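Each chain carries a letter (A, B, C, D, E, F, G and H) given by its place in the written order, and its residues are counted from 1.
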Amino acid sequence: MAKKLFKGNEALGEAAVLGGCRFFFGYPITPQTELSEYLSWRLYDVGGTFIQSESEVSAINMVYGAAGAGARALTSSSSPGISLKQEGISYIACAELPCVIVNMMRSGPGLGGIMPSQADYSQATKGGGHGDYRMLVYGPSTIQEAVDIMYNAFDKAEQYRIPVMILGDGMLGQLMEPVEFPPLKQMPDPSTKEWATTGTHYGKDRRIVNSLYIVASENEAVNIKLQAKYDLLRKNEVMCEEYMCEDADIIITAYGTVARICKSAVKALREKGIKTGLIRPITLFPFPTEVFHKYANSDKTKKFVTIELSTGQYNEDVLLSVMGKKPVEFYCRMGGSVMTVEEIVNKVKEVY
Amino acid sequence: MATYHKSNMLTDTPLSFCPGCTHGIAHKLIAEVLQELGQQGNVIGVAPVGCSVFAYKFFNCDMQEAAHGRAPAVATGIKRVHPDKVVFSYQGDGDLASIGLAEIMHAGLRGENITVVFINNAIYGMTGGQMAPTSLIGQKTTTSPFGRTVERQGNPIRMCEMLASQDGPAYLERVMLTDYANVLKAKRAIKKAFEYQIAGKGFSMVECLSTCPTNWHMTPVQACQHIKDNMTKIYPLGVFKDVGGAK
Amino acid sequence: MQVKIDFERCKGCGLCVNACPKKVLCIGDKSNKGGYFVARVDKPEQCIGCCACAYMCPDSCVEVE
Amino acid sequence: MEQGIICAGFGGQGVLSLGKMIVYVAMEKGLHVTWLPSYGPEMRGGTANCSVVASTEEVASPLVSTPDCLIAMNRPSLDKFINDVVSGGMVLINSSLIDIKVDRKDINVYYIPANDLALQHANERSSNIVMYGAYAKLNGNIGSMDEFEKILIKQFGKSADKDKIISAFHAGYEEIKV
Amino acid sequence: MAKKLFKGNEALGEAAVLGGCRFFFGYPITPQTELSEYLSWRLYDVGGTFIQSESEVSAINMVYGAAGAGARALTSSSSPGISLKQEGISYIACAELPCVIVNMMRSGPGLGGIMPSQADYSQATKGGGHGDYRMLVYGPSTIQEAVDIMYNAFDKAEQYRIPVMILGDGMLGQLMEPVEFPPLKQMPDPSTKEWATTGTHYGKDRRIVNSLYIVASENEAVNIKLQAKYDLLRKNEVMCEEYMCEDADIIITAYGTVARICKSAVKALREKGIKTGLIRPITLFPFPTEVFHKYANSDKTKKFVTIELSTGQYNEDVLLSVMGKKPVEFYCRMGGSVMTVEEIVNKVKEVY
Amino acid sequence: MATYHKSNMLTDTPLSFCPGCTHGIAHKLIAEVLQELGQQGNVIGVAPVGCSVFAYKFFNCDMQEAAHGRAPAVATGIKRVHPDKVVFSYQGDGDLASIGLAEIMHAGLRGENITVVFINNAIYGMTGGQMAPTSLIGQKTTTSPFGRTVERQGNPIRMCEMLASQDGPAYLERVMLTDYANVLKAKRAIKKAFEYQIAGKGFSMVECLSTCPTNWHMTPVQACQHIKDNMTKIYPLGVFKDVGGAK
Amino acid sequence: MEQGIICAGFGGQGVLSLGKMIVYVAMEKGLHVTWLPSYGPEMRGGTANCSVVASTEEVASPLVSTPDCLIAMNRPSLDKFINDVVSGGMVLINSSLIDIKVDRKDINVYYIPANDLALQHANERSSNIVMYGAYAKLNGNIGSMDEFEKILIKQFGKSADKDKIISAFHAGYEEIKV
Amino acid sequence: MQVKIDFERCKGCGLCVNACPKKVLCIGDKSNKGGYFVARVDKPEQCIGCCACAYMCPDSCVEVE
C-alpha cells in the first residue's frame, strides 16, 4: 500500500478506526485536537459514534460506560485534561475495562504551554490516580509506530482487560510523516465479551461492572488479581528498540520523539568516534528492565545517559533497572524546550 | 382486591438501606415498572455513589457502578453502544445536583435517550448526613450545624426547574414517596419516563422526594410527613416538561 | 386475603403499619437476626387487600394474596 | 543527503502549505520526509513556521534547529531564524516585505520579490508559490522542475486560478539566476 | 496543657485552625469527613470561612483562589476525591501558592473501599497531576504528630510557596488518641504577602497569579525555579525517625500508621533476639535518602525490609535510596487489609 | 460631542485577539466601567482558559488565571478572602457552559457576590473552532463538520435562562457586542452588574453575544451581522433576572 | 502492661461509646490509649465495633487483631471475633441476645444478661453500661470501681436518667463474681 | 474634533469603518509591523465626534478628541 502523508494526531485517529474503534468521547485541547476533529467525521463513515463531551471528566466516564458495554472506546487529551481523568482511569483499571487513552503531553505544570514535554511519565506509568493500578503504556517515536501501536491497542486492551495509554507529545501529534495503514478491522460484537453489560441478561447471569469492594479481603483479592495481570504484562508485552548497543561504550536512553533526536546524536557521536548506542523503550509500562540489566551487566557498557523532557521521571525507571551497576548520567530540558542533537552530543562528550 | 408480590426485577438480596428509608420504595417502583413493561433481559442500569451505591446488587439486570456524579456520562456511553436497550441511572442529590451537575445537564441538553431516577433526600446519606445542594433553608446537617442559611450555604437547587429551562429533556416530573397514593403517582411517572425512552423520545427524569430518617433524625413516618409539610414547599410536585406525542 | 411479612427481611420501620387503613398491622415484640423488631399481622380479618402496606414497604417484605 | 528547511512568515502567507508541497516533492522522489508546524495560539495573528526534513535516510529528529535552508517571508521570521542557518546554507528572502540585506557571508542568500511577482502573475496570496518556484530552482536534488510542477498541479489542478498559479511558480523559478 | 482525646480527623481540623488556617473548601468523603464537619462550626468560632463546595474539583480551585489572594486555605479529601484534584494541584504548584491538602487514603483503585491504604504514595510524591512539580508531603503516624505537622504546615507552605500534603489513612483519621494542642496562631494578613492578589494594586505593581507560559523558554525558566525550590526542600526539610537502627541487623522501613505496627514488630523481634530497627520517613517528599545511605553503607546492616499498604510504591523510593547496596525485602497488604504485627515478625524471620 | 480615550483599567499591552474579534470590546467595556466606578486599586479579576486566557495581561488590576472552567470557584475563593474588593471573572462559552457548568451554577446558587462576564461566541475559539455547547443548530465547526444537529450534538445551552431558573443570582442580562447602540447597552449592563456587586446584592452575570470572525470564517462586519440575524433567535437579548432594590 | 479490647455489637447498642468510656478511664490512670472504630457504610444497620488499646507504653499499633478482651453484644459480633481472642484472654458476652456458649477452653468467658439487667435497672439502651460495669469488675488494673464510675458520671451527669444508669453500671459490676 | 488611530495597534478589522455614520474612516493601503492594513481617517472634516468608531474598536486604537 502506498504511504500517505499524515499528521500524527490524524494518523492516530485513522489507526484507531482501522483497529476497530467505533466510539470516541473527548474534549478539545491543544496539541491533540486534530485527533478528535478527524474522528468527528471519520467515525460517521464507519457507523461509529463521536461525542464531544462537556469535559474530560465526562469523557472518561463515557468511555467507562461504553467500554463496560463491550465497545471499543477511545478518548484523547493532553496533560491538564489527562489530570482530570485520573479518577476515571482508576475506576476503569479496577473494573478491568479495555479502552485506549491518548495523552499528547504538553509542558506544565498548570496551564503551562503547548510545546513538547514528557513530564506526565510518572502519572502514566505509576498511577496518577489513586490506588495500585497500571495501564499498558506505549511511547511511540514515529507516526508509523504510533499507527501500528494504535492499530493493535484495542486487541491488547481486550486481551488483558486493561486501559492502554499512548503517550506522545505535541511534536508527535503535529508532525506529518508518510505512513502506511493496515486494513480495516471491525469492532468485535460486544455480545462476544462474557463480562460486558449488553442488557440482555436477567437474573443469575446478569453482569456487573464495578470497582466497589467494601470488604477489605475482597478488595485485596481484586488487587492481587490486578497485580497478577501486571506481572503477565511484564512477562509478555515488553517492547524495546536497541540501537547500536552491542559495541557501545555509552548507551543513551530515551523514549518517544526525544529518542529520535537521540538517534541523530548517536550517529553524530559515532562519526566522531564515540561508540554510542540507544535503548529506546517502546512500552513504558511494562518497562524493559531486562534490556537494561543486560547492558548494565556487560563489561562493554561504561555508562548510561538518560535524556528526557522532564526532570528525571523516566530516569527513575532507568535507575531502578541499572540499580547502581553502572553510572547513569542525566540530561533534560523542561517546559516545552526541546534539546538539540548538539546538546546531546555535548552531554555525551562531557561525561565520556 | 389486589395482590402484591416482590418484583422479579429485584434480586433477593436484602436492601442495604436503613429501616424505613424510601430509597427502597424507589427501587421497587423501578423494578415493578420494568417488569410490567416486559423489559426483563433488556435493561442496563447505572448505580451512583451514595446510599444506593449497591443498586447493582438489587436490580435484576446488567448494571454498571459509576463514579460519584458521573452516572449520566456512564449511561450515555452505554446507551450509545446499545441504543435498543433500556438504560437508566439512579442518583442521589449529592451525586446528581452537586458534583455531577454538569453531567446531568449536558445529558439533558443532548436529549440523551435515557431515564434518570433522581432521589432528592436533601442530605448526603451515605457519608453521614452532610448538607446536600437540596437541603432546606434552616436544615441542620453535619456541615451546616447551625442550620442552612442563604447567606452561608446558598440556595437549594431545583433540578426539574433547571432542566426544564433548556431544550432537550422530553419528560420531567417531581413526585414524593411518602404514602400509598403518592407512591402510585410516582410509579406512573417512572413508567411514563421509561415508556418515553422506549419510544425514543429522549431524556426523561423523575425526581423523587425521598426520606432519610437516619440523618434527618426522625422516625420513618415522621420523615414522610416532613416531606409533605416542608419539602414540597421548596420542591413543588408536578410535571415540569412533557413533550407528549412529539419526539 | 392474606398478608405475609418476611420475618428476616423486615426492618421494623413501621411504614406498613402507618399505611394500613384498617390497622391490620403492628410492630411486634420479636426481633430478627438483624436485631429489628419485626412488623406483625395483628388483625388479619380486617384486611381489605388494598396493598397499601405492600407498596409502602421499602424492603419488599410484604406479600398480599 | 539530509536537508532541514524552515519556512516562516505571517499566518496567512501560506508558509505551512509551502513546506508541505516541498515535502510532497521529496516524497515522490522516494526520500524520507517530515513536516512539523509551529502550532497553537502562537499562530493567532502572529507568525507561523514549519520545519521540513528531507533525507535519504530515515529522519531521526523532525525538529530543525539549524536549518540548511530558510525561507523567510517576512521580517520577524528572518530575524528569528537567520542566525541558526548552518554555515554554507541557503536563505530565500521575500524582498517585497523585507527591505534589509543579510550580512552573513558564510551563507547563500537569495532575494525574491515574492509579493510583487505574485501580484504580477496571480494574486497576493500566491507569494508562497513564487518562493516554491525559487526553492525548486535551487534544489534540483529534491526534484526537477517538472516534479515540482507536478505537485503544484496536484494541489491546484481544480482551482480556477490554476494557470496563474503555475505562472507565479515559473516566475519564482526564473527569478533565481544560478 | 492537658491532653484531650481527639479523633484524628478532628484533631487535624483543630490543628489547622490553631495553625492559622481560616479558609476551608471541601467535599465530603469517607474516611475524612469529620475533618470538614469539625471545621464547619469551628471556623465560624474564629471568624473563618467554611464552604462545602460542589465537588472536589471546585474545592481545589477555591483553594487556588483563596491562596492566591493571600489566605491560609485548606482542603481535605480521600483517594478518589484527591484524584479529581490533580489538575488543580498542578496549577497551584506552578503558580507557587501555599496551601495544605489532606489525603486520608482509602483502598482503591476505583471506588474501592474505605479501609486504610497507602496506594496514593506515588501520586502524592511524584506528581499525580501533569508536569514536573512536587508537594511537601508528610506521612504522620500518630495523631500528635499529625497535629504538630498540621500546626506548622502553613508556615512551611508559605515559606516555600508550595502546596503541602498531609498523607494519612482511615486509621489515622478515625483513630482517637490523647493529644496536646499548641496555642492559637492568627492568619498572617494577606497584604504582607508581596505576591498575593489583594485587590489593592493598580498599574505597574499589580499582581498576577498564573501558570501559563506559552513561550517555551519562559516555561522552562519557571521549571528551573521550581526544581531549585525542590532541591532546597531536599536540603532543609527532611524529617525521619530512626528507631533502634544503630545495632540492627535488619532494618524495617515504613511510614504512617503502618510504621506503628512495625514498631510493635521491632519490639517483638528484639524480644526474640533479632536485632531489628525501623526507619520511618516523616517527610515522604523530600525523601530521607541520606538516612538510607547511612545504613546501606554500614557494615552492620544486613538487609532492609519494606512494609507498606501498596504494591511497592513506597519501596521504589527505598530502592532508589539503597541503590543495590543491600538487599531490600518487601511485604505488603492491599485493598484495605492491614498487616498484623505477627505478619511482619514472620516476614522478618523468613528473610533473616 | 464626546471624547474617547483608552481606559486606564486596560494596560498598554496589545490585545491578543484576532482582528475584529469582539472579545476586545468586552475587555474595554469592563475596563471603562471599572474606571467610571472609581475602582482602580480595588479589583481582582479572574481570567479563564480560552481566547481570553491572557486577560491578566490586559486588565490593569490584580488578576488570577484559572483552570479551564473553574473561574467561578477561583473567584469564590478570592471573594471570601477579600469581601470588600470587586471580584469578576471573564469566561468563554466552553469554559463557562461546558466544562465549568457546575461551577457557574453553584456560584449562582450560592449567590456569590461576584460579577461574571460571559462571552458567548458559539465556538471554541482558542483551540481552533470546535463546537461549543452554545453553537447554533446547523453551525459547522471542526467537530460538527456536517453542521450541528439536535440528534447528533444536542441542543444549544442557554445560560441566562438556566441561571434564572434558580434562586441566587441577583442580576442576569444578555447583550450583544455588534454595533454602537448595543455596545452602549452592554456597557450599561456590565455597569449595573458591578454596581450590584458593590452594593452586596450577590451574583451578577452579563452574557455577551460575541463574534469569532476567524472560526466563523466571516469578516468582522459579517460576524456582527450574523449575531443579529441568527444568534439572537436562540439567545434573545434582555434582562433575565433583576432583584432590583432587594438584597 | 498492654490490653487490646474489641467492643462489638449492632449499631445502636452503644459499643463505640462503651469503648470510649474505657479509654477515658485508662487515660485518667495515665495509661497510653487509642480508640479506633469500624467506620463507613458497614455501620449502616449492620454491626459496629471498636478497637481499644490501653498500655503502659506508647501504643504502637492501634489495630487490635488479637484482642485480650472481647465484649460481644450480639451473635454476629461473637462469631466474627471469638477465634481471634488470645489464649488466656477474656470474653464478655451479652447473654440476653446470645444464646450459645463458647467452647474455647483457653479463655475466660463471662455471660452477662446485659439487656435484661439494663431493662431492669434503666432502659433498653443501657445494655452497654451494664457491660461497662462488668468490664470494670474484671479490670482493676485499668481503674477502680470509683474511677469507672467517675467517668460514667462525667458522661451522664446531666442526664435525667443519671441514677438509673449508675444503677445499671452497678448491676453489671455485681453480675461478675470473681 | 479629531480622530486618531494607533497605527501599530490597529488590526485593520474594519469595525470602525463600518460603525462610522459619516464614512470618515476607511482601510488604508499601508500595513504595519503586524502585517495588517491599518484603518485611516479619510474625511476628517466629516467627523461629528460621535465616538461610534472608538467604541467599536476592539483594540482600543481609536481616540476621539
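One rule holds in what follows: a residue touches a chain if its C-beta (ideal position, glycine included) is under 8 Å from a C-beta of that chain, and two chains touch if they have at least 3 such contacts.
From a predicted model like this one, the values you see are computed outputs, not experimental measurements.
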**Fill in**
Via touching chains, chain C connects to chain D in a minimum step count of 3
**Request:** Count the smallest number of chain-to-chain hops linking chain A with chain F, moving only between touching chains.
**Result:** 1
**Complete:** Counting C-beta pairs in contact for B-C and for E-G, the higher total belongs to B-C
**Message:** Among the chains here, which has the CA centroid at the largest distance from chain A's centroid?
**Reply:** C
**Asked** What is the distance, in whole Å, between the centres of chain B and chain G, each centre taken as the mean of its C-alpha atoms?
**Response** 41
**Centre distance in Å when chain B and chain H are each reduced to the mean of their C-alpha atoms** = 58
**Asked** Going by the touch rule set out above, which residues of chain B reach two or more other chains?
**Response** 17-19, 53, 65, 67, 98-99, 101-102, 106, 110, 126, 133, 153
**Two or more partner chains touched - positions in chain A** = 30, 54-55, 57, 80, 87, 91, 95, 110-111, 114, 210-212, 214, 338
**Item:** Multi-chain contact sites of chain C, meaning residues that touch two or more partners
**Value:** 11
**Asked** Can you list the chain B residues touching chain C in their complex?
**Response** 1-7, 10, 14-15, 17-25, 27-28, 179-180, 183-184, 213, 219-221, 224
**Message:** Can you tell me which positions in chain A touch chain E when the two form their complex?
**Reply:** 57, 79-80, 82-84, 86-87, 90-95, 105, 107-115, 117, 119-120, 122-123, 126-133, 210-224, 226-227, 310-311, 313, 316, 319-320, 323-325, 333-338
**Asked** For chain D, which residues are in contact with chain A within the complex?
**Response** 20, 23-24, 27, 32-37, 39-41, 59-63, 65-66
**Fill in**
Note: in the complex, chain E contacts chain F through residues 23, 25, 49, 51, 53-55, 57-59, 61-71, 73, 87-88, 91, 95, 190, 197-203, 206-212
**Complete:** Given the complex, residues on chain F that touch chain B span 98-102, 105-106, 109-112, 133, 150, 153-158, 161-162, 164-168
